[in-house]
Amino acid sequence: MNFLSDTTAPAHPDLLAAMGAANDGFAPSYGADPVSARVRDRLKDLFETDLEVLFTVSGTASNALALSVLAEPDSMILCHDEAHIQRDERGAPEFFTGGAKLLPLHGAHAKIAPDALTQALAEWPDDFVHATPPQVLSISQLNESGGAYTRDELDALIGPAKEAGLRIHMDGARFSNALAALGCTPAEMSWKRGVDALCLGATKNGALAAEAVILFPTVMDRFGKLQARQKRAGHMLPKMRYVAAQFDAWLKDGLWLDLARAANASGRRLADGLATLPGCELAHPCDGNEVFIRLSPEVAERLQALGAGFYAWPDGSARFVASWCTTDAEIDAVLKAAKG
Amino acid sequence: MNFLSDTTAPAHPDLLAAMGAANDGFAPSYGADPVSARVRDRLKDLFETDLEVLFTVSGTASNALALSVLAEPDSMILCHDEAHIQRDERGAPEFFTGGAKLLPLHGAHAKIAPDALTQALAEWPDDFVHATPPQVLSISQLNESGGAYTRDELDALIGPAKEAGLRIHMDGARFSNALAALGCTPAEMSWKRGVDALCLGATKNGALAAEAVILFPTVMDRFGKLQARQKRAGHMLPKMRYVAAQFDAWLKDGLWLDLARAANASGRRLADGLATLPGCELAHPCDGNEVFIRLSPEVAERLQALGAGFYAWPDGSARFVASWCTTDAEIDAVLKAAKG
Amino acid sequence: MNFLSDTTAPAHPDLLAAMGAANDGFAPSYGADPVSARVRDRLKDLFETDLEVLFTVSGTASNALALSVLAEPDSMILCHDEAHIQRDERGAPEFFTGGAKLLPLHGAHAKIAPDALTQALAEWPDDFVHATPPQVLSISQLNESGGAYTRDELDALIGPAKEAGLRIHMDGARFSNALAALGCTPAEMSWKRGVDALCLGATKNGALAAEAVILFPTVMDRFGKLQARQKRAGHMLPKMRYVAAQFDAWLKDGLWLDLARAANASGRRLADGLATLPGCELAHPCDGNEVFIRLSPEVAERLQALGAGFYAWPDGSARFVASWCTTDAEIDAVLKAAKG
Amino acid sequence: MNFLSDTTAPAHPDLLAAMGAANDGFAPSYGADPVSARVRDRLKDLFETDLEVLFTVSGTASNALALSVLAEPDSMILCHDEAHIQRDERGAPEFFTGGAKLLPLHGAHAKIAPDALTQALAEWPDDFVHATPPQVLSISQLNESGGAYTRDELDALIGPAKEAGLRIHMDGARFSNALAALGCTPAEMSWKRGVDALCLGATKNGALAAEAVILFPTVMDRFGKLQARQKRAGHMLPKMRYVAAQFDAWLKDGLWLDLARAANASGRRLADGLATLPGCELAHPCDGNEVFIRLSPEVAERLQALGAGFYAWPDGSARFVASWCTTDAEIDAVLKAAKG
C-alpha cells in the first residue's frame, strides 16, 4: 500500500512486454526506428491532426524542452504559482530557455484565475525594451491540486492569452487522468482549445519512463529546433525504440485510458470515503487520481500507524495519489483504518 | 548484419529480465530505491574505493552533467579535436556548464598529444582575467578512433594536467571495451591514474539506456550539486529503479566484461580479416570493438552490395562497429563478401 | 523642465571636470589606474570598513553582476514584486546568474512585507533537490515607490533572511537619496544592517555613467569571480579611469550627499504642493526625490499642457522625479500651473 | 612614453569637449536623444547605406552582443585561433550567445587561411543534429597581429562562408586603422565585402569609451532583438548621449581617420626604425599601429631600461602599440635608445 505518488508504482506488464518485443535485432538509433514511427501514427490518429512528436524520459525534460522552443531567453512564461514548472523542476525551464522568467499567477485549487492572467498581461507590455515580454501561458492538466480544467475554463484562459500573442503549453503529466475525468477527446482537450505544445506523460500512469513532447501544427515548424535542443540536453536516447515501445503498448486499444479510469476511480473512492469522516474535508475537488484532504488528528494518526504512505502537503492537507494498480482492497484497508 | 554503431544493437536479455524483476510493487522514486543502492555498492567493490554515482540515460547527458560540476561557466575544457564532447553532442557541454569553452587539441589516432596539452597549458594562463582558464582535461577511453590509451599514455597527460590544477574527466562510453583491451582493473584505469569523474557507459555494450556518472573521492563533495543539475536537466528519472536494474545485471558476475571481450574479439577478427585484403589498410590501431579501415573501391563496393552497414568516416576510412552480439557468422559473411 | 526621470538630467560639472583632469597622459587599463585606487580608498573611509569595489556604467549591470556572485544558477532570489531587477531589467539577473529564479514578494509601497518573506522562506526548502533554494534577498533602497526602508524595517527583513542562510543584495541606484532621507551613515544603512553586496549608483544623482558594485568583507572572497564576470559581460572598460574620475569627484567633500539632499528637497516641495490640491493625494510616502501622486483629471491635464514631463505609472498615479539640478523656479511653475 | 596598448592613451580633447556640449539640460534616456540620432545619420552617410546602430562602452560587449543576434545557442562561430573573441574576452561570446561554440582556425599572421575555413565548413555539416552547425564567420580588421586583410583576402574568406549560409561578423576594434591602411571606403571594407554586422571601435583611437554595433541591411531585422540583448546585458546606458557625443566628434570632419593615420604613421616609423637594427626583425607585417618585432637581447634590454612600455608577446616577439597621440619625439627616443 503506497499513496505517496504515482511514480512509486510499478509499470504495467504490457509495456515491459513491448520493450522485450522491440529488443529484436538491430534498429536505427535516435528515434529513426519503426516503433517510433508507429507511435507517431497512433498519436496522429488519436489526436485527429498532423503533429510532430519526440520522446523523453521525464516530465521535467518534456516541459523544459517544449518551453525552450516556445519562449525566447529574454521573455516570460505565465503559470500558476503552484505549477510543477515553477515549484518542482529546480529551475529547468529557466535553464533550457536560457533564462526566461516565470511569472507565478494566483487562483484557487491550483487553477489560474482568469483575472490574474488578464492583470499580468496588462502589467507586462510586450513592446517595452526594459520589461520582459510574456510569450507563453503554461497550463497543467491535471493541475497540481488534482483538478481538471473544464473546456470552458481552458477557453477562458487560452482566449485572452492567444489574443495577446502568447503560445500555449500544456503540462500533461496526468493528461490521461484529465481526459478520463472530462470524458472528451484528446483533440478537444488540446489543440482544439488552442494548445500549441503538449507534454504527454505516461510515466505516472503505467510506463517505466516515457514522456512525449507533441507539437501541434501551429508550432510544427519548430520541430528541427526541438530536436537540436533534445540532443543538446542529452535527451536524444541512442536506443529510442525502448521508449517508443512503451508508448506503443500504452496507447494500443485504449490501455492508457483504461489505466487512467482505474486510477481515477480509486481516487474517487478514497476521497468519498475519507471526506465523510468527522473532522475531515477535501481541500480541493478530486477530479482525477489525487486526493487532497484535511484530516482530523485522529485519522491522520491512524493512517500513519497503518503505513498508508501519503504526504503532508504544504497547504496543510494530506495528499494521497492512487495509481493504475491501486486495488479496492487497499482502499478498503485505508478507510477501515481511518474509521478506527 | 549491422556494423553502423553499437547503439543499433539490441539489449542483452539479462538486463531486460532485471527490469522485469525490479517491476515488483512500489519503490521510492528518484534513485532512493534499493536496486540503486545495490548498484552503488557493486561499483564501490569493483572500483575498490568510496565513490558517488548517479544514473542517466545517455552518454551526452553523463558527460555534460559531469563537466558542469567540474568546470565553471567562464573556464575552459581541454579535449581532443575529435572528442565526442566537441564533435557529437550539439554543444551539450557548453549548455550544461553555462558557457565553458572547449579547446580542441591535436594528436594522431584521436589521442591527445602530450605536446599539444603542455602547449595549451602554457598558452592559457589561469590568472589573467581576460583569458579563459583551463579547468578540466577530458579524455575518451576508448577514444573516437577506437583506441585505448595505455596506462603510461594516461599518466603522460594526466600528470601535467593535475600539476596545472586541472580536474580530469573520462568519457567512458566504451570504458568496458577499453578495460577488456588493457586487461587492468577499473581502478587502474580511472582514479588510480588521477581521474576525478568517470562517465561509465553501458548502453553501447548491452544495455537499453544506462549510463552512470561516477565521482571519485577527490570530487565527491560536488555530489549534491551534481544531483541538483541532474534534476534541473530533467535527468532525474521518477522511476530510477529501471535504470539501476540494468546496471545491476550488467555488472553482475562480470557480464559487462564478457560482453566487452566478445565485442572486442569480433572487432579484432574483422580488422585482421579486412586488413589483409589488397588495397585495404587500418586507419587506426584497433584496440576495442571499432574498426577504422581504408577500403579499396572494390571492397567498399562489395560490402555496400552486401548491406554490411558501416559509415564513411570523415577521415576517408570506413567505420565498422562490432557489438556484444555480433556473431562469427556475420563476420565470416563480411570477409567472404569482401574478398569477392 | 523635466520630471520624467533622474536619468534625463545632465551631469554635474564637477564630474566632467574630473574626467578632463584624468585625461592626462597614459594610464593603466582595466581599473589598475591611480584614480580607481583613490576611489577605493574613499569608499573604505566613507563606509568605515574594508571592501572590494568595481565600476560599471549601468545599474542593471551592477545588479546583475552582484547577483551573479551571490546566487548559483539553480537557486532563487527573493525580491519585491515591483523591484527593478524583476520589472525593469529585461531578465538581466536571470542572464547573469545562468538561470536563477526571481520570486516576487508582496508588500505595500514597494516594501517587502516581513510576512511575505517568512512565508516564502517556509515554502521553499533549501534542501529539497526538486525545489529551487532561496539564496539571496534583494532590497532596493530607495525602493521603486520612492520609499526608504528605515533601519528597523531593514532589520526586520535581513534578520530572518540571514538566519535562513541567505545573502543580502542592496540595489542602491538611489542609495544617496535614501541616505539623505534617513540621515544615517553609509555603514549604518549597509553592512551594519547585514548587507553583503551593495550596488551604489551615481548616474541618477549627477554622474554621466558611474555605478559601483561593492563587496563587503562577508563576501569579499568572491571578488576575483566578480572581476571575471565583469570582463565576460563586457563591463571591464579599457579606460576605466574615466568612470573612476566621476566617482572621485562625486564622493569628494560630500558632493554626493549635497546633490541628494537637493533632489530630495525638490521632491518634498513638489509632493507637498501637489498633495494639497483638491482631488490629489500621494500614492506613496515621499521619502526621497520621487513623487507618486494621484492627480485629479483637471490637474493632470494642466500639467500635461505645461509639458511638465512625468509618467503615468501602472498603479494609476503620476510619477515625478526631481533631480540634483531641479530648481525651485521649475517647481513653482509646476505648482502654479497645477492650481490653474 | 607608453607603447603597451592604445587603451592606455588618453582621449582626444574634441571628444571630451563634445561630452561637455552634450551636457546641456535634459535629454531623453537610453539612446533616444538627438545626439544619438545625429550619429546614426553620420554613419549612414559614411557607410553609404541604411543601417542600424547601437552604442556600447567596450569592444567585448560589442562583439558579444553582435554575435548573440547572429548565432543561435547551439551553433558555431568560426574565427582565427588568436582572435580577440577566442583569446581575450573571458568567454563573452559563449555567455551572450547562450553557449555557442567557437571553432579556432589557423593561418599565418593571425589571418584565417582560406584552406582552414573550407576544411572546417566541410567537416561540420549544418544538417546533422548531433553536430554543431557553423553560423558565423568572425574576422578581425585590423587583426590580432596588426595586419589588415586586403579586399581580396576578405573576399576569399567571405565568399565561401556566405555560400555555406554563414553570416559575417567583423571585429573592428581598430577598423579605422585598417581603413587608413587600405585606403578604401568604409563601405568597401564592410558591407560591400559581405559583412553583416560590424563592431566599430573608437576607444582605441581617441575615445574615452565608445564602441558601436552596426547592423547592415542584411541583418537589420534583428535590431529589436539586439536592443533587448543590450538592455538585458546592462549595456543600454541611461544617459547614452555621452557615448553618442564621443562618436559625433570622432566622426566629424574625418577626425577618426586623421587619428588613425597618425597612429599608423607612428607605428610605421617605429617598425622601420627597429627592423633595421642587427638581430631584430618584424614578426608580422606592420599594416597599422601595432608593431610585433623580435628584438635582439641587447635591444630588448635597452628598451626596458628606457621604460618604453611594451609587452612580451606569446609568440616570442615584442608588441609596441602606437596611439593617436604618439609623438615623433617619443619614437626618436625609442630608436635612439635601441641603437645604444
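For reference, chains read A, B, C and D in written order, and residue numbers begin at 1 within each chain.
By definition in this document, a residue touches a chain if its C-beta (ideal position, glycine included) is under 8 Å from a C-beta of that chain, and two chains touch if they have at least 3 such contacts.
If you're wondering where the values come from, they're calculated on a predicted model, not measured in any experiment.
**Student:** Which chains make contact with chain A and with chain B at once?
**Tutor:** Common neighbours, chain A/chain B: C, D.
**Student:** Suppose you hop from chain B to any chain it touches, then on again the same way; how many hops at least until you reach chain D?
**Tutor:** Steps on the shortest route: 1.
**Student:** If you tally the C-beta contacts for B-C and for A-C, which one comes out higher?
**Tutor:** A-C
**Student:** Nearest whole angstrom, what separates the Cα centre of chain B from the Cα centre of chain C?
**Tutor:** The mean C-alpha positions of chain B and chain C differ by 51 Å.
**Student:** With chain centres defined as C-alpha means, what is the inter-centre distance between chain C and chain D in Å?
**Tutor:** Going by mean C-alpha positions, chain C sits 34 Å from chain D.
**Student:** Taking each chain's centre as its mean C-alpha position, how far apart are chain A and chain C in Å?
**Tutor:** Centre-to-centre distance between chain A and chain C: 42 Å.
**Student:** Give me the residues of chain B that touch two or more other chains.
**Tutor:** Expected reply: 30, 73-74, 89-91, 95, 98-99, 129-130, 228, 231-232, 236.
**Student:** Under the touch definition given earlier, write down the residues of chain D that touch chain B in their complex.
**Tutor:** Residues 73-75, 87-91, 94-95, 98-104, 123, 129-132, 314.
**Student:** So in the complex, the part of chain D that touches chain A is made up of which residues?
**Tutor:** Its residues touching chain A are 30, 73-74, 98-99, 129-130, 227-229, 231-232, 236.
**Student:** Where on chain D does chain C make contact in their complex?
**Tutor:** 2, 4-5, 7-11, 13, 16, 19-20, 23-30, 56-65, 89-92, 95, 203-204, 208-209, 228, 231-239, 242-243, 309
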